[in-house]
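In the two assemblies presented below, chain A is common to both, partnered first by chain B and then by chain C.
The block that comes next holds the complex of A and B.
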């Protein structure tokens, strides 16, 4: 499923005195298979954009096509297809552990499946719940009967993600998935997201504030500023323009800062990942 | 003078089997900026609550400027001298208008009206939030809200400021705003304790304590901590990004030591290139 947005515009409180232009003429393609970063400072329009992807926010102006679904249409057929869209585009919000509600981990993870597969029998649900819990790296038999509220922060977040991937979405969208986790929890979660990308969801879309993470993890990214998209490309393309990043109110990755600061002395050609930067620097030193 | 003295303290929550904090001893000098790091559930926040007397130790002793937190008569003074800012700014705002929120603390402890005015000016000034004085707190950005939350604590005029993961919900710009307020306050001799998961926030601190499963695993300078790769691994920490790059550089045959800031790393690489 590709995402194709054309001239997408959206206002909060449209028509009211305090109307806010949140998306301003946004056009963007996200091809199936990407590990896509959505970046920008707070209030730049990132969250508004991703909430369009499963029709949580209706299209106000412009067009949005997700796979074979045209979300800009308002006819009966499109409305009827919305549950399907939401099944195929899974959304993990910021601090998803705050949305855990059921008495057991099992019930929490099963909730989405029961909603989307109304006629599924118990054995199929069991199977899907087990698979989702195991995918996020937890022990099904050990954890299924526990109350989600007794788990650690990192475990809770995994359970919340399990509830979304249990429905087997083709596109998985996560808003700041690593916020508030300790460093090891963060490293493990990135690994998990890449595993999910390889096995379950074809496309992963991630909202992130941390440009070092984006350089390290994403295959492509789009940069939002003031409701507009100011750049789209691979980390290598995006972070080559330091001025652009800084003007959008973002911090450049450290590798990108070094490349820029040292450019008078040496030309370091890397994709800004830590390891490739180090290799490129060592090579450049040798060849001087 | 010792701002905080924790002597062989243990604490357990009622419904838990494991000690949240076990046999911990540490001290903080007045005017120091100290980081506390460690995995989730390692006892960092419990330590913060022990320091301002929200909870009392089961054994051992916690002293804040010489006052024992187990002494009920001293608690009021201890809490006045020790303010905590929590993770989510939305959870600690009590009024809808910024100014009213900052007034809440000093009004509660019975500060006279004239003095309150002065304190609000000071707190808003120190956090750079004067411009929002009469605005709705709900209309501010995360970083702005968190600075207002700090202003609310400053209005009590604490001698110790504890930030319990106060930057974890902020974007890099918001984090920078908060950390620059911390630096400014520290210049005025305030003791600051920063509980954090961000290693770049540890780098600028005078001292760092590492917690692991309720125990104190390390106390020393950031430089000493990051040089100990076994400890970093054991405590579930990571190197700051510039140090990670230095490690990768060493693998590629370029040795620049272990710089902790990007400026330091740049200087090292610059020197290396010029000597080349």
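The block that comes next holds the complex of A and C.
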């Protein structure tokens, strides 16, 4: 499923005196198979944009096509297809552990499955829950009967993510998935997301304001500023233009500064991932 | 959708009424409410309406914004109106309409209109207070007005603190609710279809995370207050001291004029209407 947005515009509190322009003429393509980063500082419109993708926010102006669904239409047929859209576009909100509610981990993970596969029988639900919990790296038999509120923060987040991927969405959208995690938890989560990208979800869309993460993880990224898209491209393309990123109120990856500083001494050509930067740097020093 | 609920509906403009001392506004509102209840006829209401109109004009709040507050209690108004219309009886009454057990008389129609008007005036007056006063200065005003109760060891300051914390967290919790609703919708939760039982059941995935987060926030806030050595009332001073000003005195004259008008009309008008 490709995402094609054309001239998407959205206001909060439309019509009121305090209306806020959250999206301003946003056009963006996200092709199937990308590990896509949506970046921008707080209030830049990135969260508003991703909530359009599964029709949590209705299209106000412009057009948005997700796979075969035209979300800009308001007719009955489109309305009827909303559950389908939400099934195919999974959304993990910021701090997803705050949405846990059920008595057991099993029930919470099964919530989405029961909503989207109304006729599924117990064995199929069991199987899907088990698969999701195991995908996020937890022990199904050990954890399924526990109350989600007794788990640790990192485990809670995994359970919440399991609740979304259990539905097997084709596009998985995550809003700041690593917020508040320790470095180890972060590394694990990134690995997990890449695993999901390889197996179940064809496209993964990540919202982040940590440019190091984007440089390390994403295949492509779009940068939002003030409700507009200011740049789209691979991390390498984006981070070559330090000024642009800084003007949008973001910090470029550390490797960008290093490349910049070393420019006059050695020529380093890397995609700003720490590992490839180190390798390129070592090579450049060797060749000198 | 939740944002449409008008609460803490402060309307931020600079005006005569906005600049008034919250204590004065609360007192004048109380006086106005008393006025509404001692009015005996529609002429008296005309005086109250004139007072209200002046307050709206001097508050620079759009009239539609003020009228919107009626919407919140429209159901109560209609029910009271209908009950009074069909059940109120007066001596020597003229029947206008009669069908089965429903009877409308001239007296009941008049009385029903009168009571409905009273409710509308009540809510309109109160909404001017909340539209022109920030929740914070409102609680400040209440705290100050209740301070005589400190003599009998009534925890006035603590009560005011509870109130301002509650008010402060309403928007936060609303935002939280909206986020939880979105998150559960994204997981296929359906709040709009099904019968009553299934709709109530559909609220569980919203309410439980919301209650848990409220407790978490309360814990965090308690810790934060303790970390700042918050101990309560005794030695606390205020950053913004309340001060009565010229506006409050001018407004007082209007309140007194309205009172005088209503009392005169109550005494000297014999017409029931």
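Here is the rule we use: the second predicted complex is superposed on the first by the 288 of 288 C-alpha atoms of A that agree within 3 Å, B and C clash if a C-alpha of one lies under 4 Å from a C-alpha of the other, contacts with A are read in each partner's own complex, and residues count from 1 in each chain.
Convention: a contact is a pair of C-beta atoms (placed from the backbone, for glycine too) under 8 Å apart; a residue touches a chain by one contact, two chains touch by 3 or more.
None of the values given here were measured: they were computed from a predicted structure.
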item: Partner chain in contact with A:285 - chain B first, chain C second, else both or neither; value: first
item: Touched partner set for A:159, first chain B, second chain C, both or neither; value: neither
item: Partner chain in contact with A:210 - chain B first, chain C second, else both or neither; value: first
item: Which of chain B and chain C A:90 touches, first, second, both or neither; value: second
item: Chain B versus chain C as contact partner of A:100, first or second or both or neither; value: second
item: Partner chain in contact with A:43 - chain B first, chain C second, else both or neither; value: first
item: Which of chain B and chain C A:255 touches, first, second, both or neither; value: first
item: Chain A residues touched by each partner, larger count belonging to chain B or chain C; value: B
item: Touching both chain B and chain C, residues of chain A; value: none
item: Residues on chain B engaged by chain A in the complex (per definition of touch); value: 38-41, 87, 141-143, 165, 168-174, 197, 199, 236-238, 241-242, 244-245, 248-249, 251-254, 262, 265-266, 269-270, 272-274, 276
item: Chain A - residues contacting chain B, complex; value: 41-43, 152-154, 179-187, 209-212, 249-251, 253-255, 257-258, 261-262, 265-266, 274-275, 277-279, 281-282, 285, 288
item: Complex contacts: residues of chain A adjacent to chain C; value: 13, 51, 54, 56, 83, 86-87, 90-91, 93, 96, 98-102, 111-112, 115-116, 149, 163-164, 167
item: Interface residues, chain C side, partner chain A - complex; value: 3, 176, 179-180, 182-190, 204-206, 208-209, 212-213
